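In the part that follows, the structures are each spelled out as structure tokens.
Here come two complexes built around chain A, the first alongside chain B, the second alongside chain C.
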Partner chain A sequence: MRQRLRDPITGLLFVLPMLVLFLIFRIFPTLGAAGMSLTDWKISGEWSFVGADNYARLLDDPNFLASLRVTLVYVAVYVPLVVLAALGTALLLNAVVFMRGLFRGMLFLPYVTSFVLAGVVWKWIYEYNGLLNGLLAKADVAPVKFLEESSLVLPALALVSAWKGFGYSMLILLAGLKSIPGSYLEAARVDGANAWQRFRRIVLPLLRPALFFVLVIETITAFQTFDTIYVMTGGGPAKASYTLIYGIYDQGFKFFDFGYAATLGIVLFALVLVVSLIQRRLLDRGER
Partner chain B sequence: MRKLAAAGLAAALGVVLAGCGSGGSDSGPGKSTVTMWMYPVIGDQAKSQAFWAKVEKDYEAKNAGVDVKIDIQPWESRQEKVTTALAAKKGFDLAVLGPDQIPQFAQQGTIEALDDVVAPAKASFLSGALTALTVDGKLYGVPIYQTITAPLYNKKLFAEAGVTEIPDTLAELKEAAPKLAAKKIAVLDYPGNPKVSLNQSFYPLLWANGGTVFAPDGKSVAFNGPEGVATLQFLLDLKKAGGLPENTASKGNEIEGGALAGGKSAMYHAATALQAPQLGAAIGAENVGVGLPLEGTKRVAFGIAGGLVLAKHSENKDAAKKFAAYVASPEVAAALAKESGFYPARTDARIEGQDEVSKQFAKALEFAFHGDTHPKARQVMAVLATQIQAALVGEKDAKQALDAAAKEANALLGGA
Partner chain C sequence: MTERTGVLDRPGTGPAVRRAPARTSPRRPRGAVARRAALSVLLGLLALLTVSPFAAMFVVALSPAGKPTVPAAWPSSLTLDNVVRVVSASGFLTWTFNSLVYAVVSVVIILLTASMAGYAFAKKRFPGRDAMLWTFLATMMVPFQATLIPMFVLISDLGGVDTFWGLIVPTLANSQAVFLMRQFIRDLPDELFDAAKVDGAPEWVVYWRIVVPLTRPVLATLGVFVFLWHWNDFLWPLVIAQSDEMRTLTVGLTTLQTEEIQLSMLMASAAVSVVPCLLVFFVLQRYLVNSIAMTGLK
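Take a look at the complex of A and B:
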């Protein structure tokens, strides 16, 4: 009986540091933001309770609705892009034997590069007189305004974020691939399954937990992308890359409307939660 | 073993939690610390560090009980960082802010009035500088320098395009545009990136056309009036004539690495004296020209007094005020002006051996305007910059863009 009691306590002690950090840096600020969203919090720390006024404002705020649309489009472009890039490179790395460590390191390199640096470099690449247009000119293609065309700016930004972020997901998926017993694939090969059939019927189903994790993490990352947008476009052109998180930044640090900024934060939180739950449900269903 | 693990975890947790605590002041017993956020007023990083290190050392030598910390911050995101520091009640005691930034913080009550700091030598300060840093009759910034902007030209490009007289008015600028465009040169290096302050892009043109950002009562905006529409239309006409860089909507106003330094555009209408040597290094100093502010219905140049503000949360207000008075003193102000290429904000500061570029920029001082000060000036600027960008990328015409910005800005002002 004593042994049983002691085990959970030891377990709790092991997770306690993380739990405390999570409470301090995640849960408490989230609760604080929820409270702040019901106030007209000022920079001086003064506030008064305004009830659901900030939430009512959302419905009449054209910037909110526009930023919501931009955010969803960005997520829809970024997530498939980064997951495919991560899956593709993970499969390649899994197949490669020669200098695998070097390739893995090189592919992971963008992930450890700072977002701001990546943004600055890619801005040069995308610029009208930049590297990409220089290469296009060699192929007799007219210069493209990657960061000034409303229709191109989100894919251009998503590409940068995907380039920057796929390394982490690649490692998760690579670990997932490594855990698939080779005997399964060998048996399938003996039974005459071709490479696609092996991937579709064996690798993909067994990779599902890792894939689910990657999908959730990358979706959350996409919703929270700020640095790249801040450095490369500042939300422009004409708010074509003005995401919900950029709106939070503007409301908080430019307009000093911390109450409303917190409201937008709560909306983003709810959005990420709902999307993650939907993803979980869909992938769980497939697993059963 | 388990006990050992638990003890280890508890110790680790202690370390983690200790790390969450705030760092205390380590300036030693009996010393009061004054932290000042300075900006790259002196463009050369090494010179800037040496100058401020000397100021710090000299002051501490005369005032043993004070530990001064001068933290040189980048210009970029100044507004956001100062806002965060004031909200968190941490970061700085003194910081340099401009006249259009001060009213918002004064209104919020996060900075202190500083009339008593300049009182002993009030008559020595430029009256314009004091007025610009005053909100509701109280001085919130101790002027330490005065800036001015003026047009910077690539004389060679104008000559090669057959433009013998450098444009002096907005009309002449428009007239020169097609001649330079024929050589694939943009006449005006207009920075349309919303992160560039409109004080150094749209506003000087608006003011030259007789427009203002706010209505006289400050309860609504006025930039969408006929003068504003004419100003934005002027830019759109220039763009149509090939007079603006292709990436005008997203470009910043950095000289180094920009179109002006690359010989792709011919002039920037709101440059600072610091940018002249940068341009000289790229295109040859002999090709750099400095003009008077472009004339529309009048000549106006954006020029502000840099003011030291004191955070309300400061725990060493008296020491901070004393140090602010020292930085604003004639000796330090003159030395700063000489190193920075800016100008002293007081008449009793004598600068020896001022360079030629500084003298040329000084000619624009008589047209200096500190901008439309308003507690919501920066917020309105953010709204307007986005809509100007929309017009520059062709999504809206001048009137539509300014009306859309006005609607949003007026909602911010809580007015019409």
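Take a look at the complex of A and C:
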């Protein structure tokens, strides 16, 4: 019957454009990254098979080992910062009625702009002669080298990304808060629970899935941070903000060592995968 | 890059409801009005703090050059000089045009291909459907940066460096878009499609006359997101659009920064580059906010 054949054929035809795009630009490069990591691919396109040499090189590469440490420190600073900012503002938005729409819009505004713009503006804010030091001077505080001090650069960068990105997580958490039935909170209030007890015993457990979602998304975002670092520090000072992604860009487009850069890409993929799976495990356990 | 990697679906709320510990003496909170007012003030201050970098940027962009580093909260004289000079500088309009092409073409093609694929995945049975869907989902886990090098080699071998197609085409394979469309179309009643079939309407008519009009809200939302993803995109344009004529605004901004440039000019450039985002924001804020809450689209 015509009708029975019609569905499979039209189905395939409708999927075809996206499927072709996927095969060529997602799946092929993914396999390609794994393949290239086993070669010494040069910019000329010449290559030879080198087995696991690139992976062995990772262990002896002080830049790589330092970049791993920088990446993990950055993630460890950024994630709590952005989640707390998102949670705090979401809780306030949920509690406040006065001009709520306006405030929500203002808090969400940085999210629609680019990390490059955030980097350009905040670089000026952080500069030695910049806005923040200008304000500090008015308060008689000595100028701070936010971006030139190894110990300050990662928190400074994390703050910029958190400022730019927290609006998204704030909205996710706000939606989670709104779905908590008011009657639960009212009952607890009648039973004499104070604000902290209500938050700790009712809001937090019910918000848990949304919090985990935000945690996973923000962790992955943190691992992928590149734009602000490129704009604001170029990996410096003295490689103090030289992350794994920055290493991929550096090896690929400064040293044109494509084989090794692809290997760093595989490491990034493995890291993101492992962290996602661990957090997924924790989430599943948490729900049980 | 546009693709967001992630393993989780949007969560609902959890099932666990725990009773708060009972207290013997129920009491209403005192000073509730004062507390509420304090919270409003706190929230307002945080909101002002959040937008203050933008305010500072606009004040510097609109102030005469050579002003002190800390912009006055209420500037005495405003001028469009910087903006005019930025816009009339040689590269800026080209970059803006390139960013517009990059964003708008991507929006059109992604909306078309993702809604077609979403329709097929939602309403058609065909061999390999579930395997394909799983593969699409699995690719979400691969960060774009992990495939940056092979992608660059592929495009450069195909002659796509410094071309619009080389810039645009690789960013079109977007699984988030496909999943969003599939989810939405799956909820449309089957009877609509059966009726059209009985009438003998060809499939492209069903797609164009039923799927597209009924998914208009989600298409609009997706369109806004795809526009922002591309307008704000940086790493891919940075490596693929190398000549000055092909640069996008984000890449162009970073080249301005490395030159000797007056702060007022840099901030004016930054301010102009953010105008489309602000327009989208002011016109469609409610829409954006609701769709993030409902779909988790990032």
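Basically, the second predicted complex is superposed on the first by the 256 of 288 C-alpha atoms of A that agree within 3 Å, B and C clash if a C-alpha of one lies under 4 Å from a C-alpha of the other, contacts with A are read in each partner's own complex, and residues count from 1 in each chain.
What we mean here is this: contacts are C-beta pairs under 8 Å (C-beta built on N, C-alpha and C of every residue); 3 or more make two chains touch, one makes a residue touch a chain.
Just so it is clear, the structure is predicted and the values come from calculations on it, not from any experiment.
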Chain B versus chain C as contact partner of A:190, first or second or both or neither: second
First (chain B), second (chain C), both or neither touched by A:42: first
First, second, both or neither for A:280, with chain B first and chain C second: second
Partner chain(s) touched by A:80 [first = chain B, second = chain C, both, neither]: neither
Chain B versus chain C as contact partner of A:128, first or second or both or neither: first
Which superposed partner A:109 touches (first chain B, second chain C, both, neither): second
Greater chain A contact set [chain C / chain B]: C
Chain B versus chain C as contact partner of A:236, first or second or both or neither: first
Which superposed partner A:145 touches (first chain B, second chain C, both, neither): first
Contacts of A:256 with chain B and chain C, given as first, second, both or neither: first
Residues of chain A contacting chain B in one complex and chain C in the other: 6, 10, 13-14, 17, 21, 24, 45, 129, 253, 258
Of all residues in chain B, those that touch chain A in their complex: 2, 5-6, 9-10, 12-13, 16-17, 20, 79-80, 83-84, 86-87, 89, 104, 108-110, 193-195, 245-247, 249-250, 259, 262, 264, 378-379, 382, 386-387, 389-390, 392-393, 395-396, 408, 412
Footprint of chain B on chain A - complex, ascending: 6, 10, 13-14, 16-17, 20-21, 24, 42-45, 63, 127-129, 143, 145, 147-150, 233-239, 242, 250, 253-256, 258
Residues of chain C that touch chain A when the two form their complex: 4-8, 10-29, 36, 39-40, 42-44, 46-48, 50-51, 53-54, 56-57, 68-71, 112-114, 116-117, 119-121, 124-127, 129, 132, 135-136, 139, 141-154, 157, 169-170, 172-173, 175, 178, 197, 203, 207, 228, 231-235, 238-239, 250, 253-254, 257, 263, 266-267, 270, 273-274, 277-278, 280-281, 285, 288-289, 292-294, 296, 298
Chain C contact footprint on chain A (complex, rising order): 3, 6-15, 17-19, 21-22, 24-30, 32-33, 35-36, 41, 45, 88-89, 92-93, 95-99, 102-110, 112-118, 120-125, 129-131, 133-135, 138, 163, 168, 171-172, 174-176, 179-180, 184, 187-193, 195, 197-198, 201-202, 205-210, 212-213, 216-217, 220, 223-224, 226-227, 230-231, 245, 248-249, 252-253, 258, 261-262, 265-266, 268-269, 272-273, 276-277, 280, 283, 287
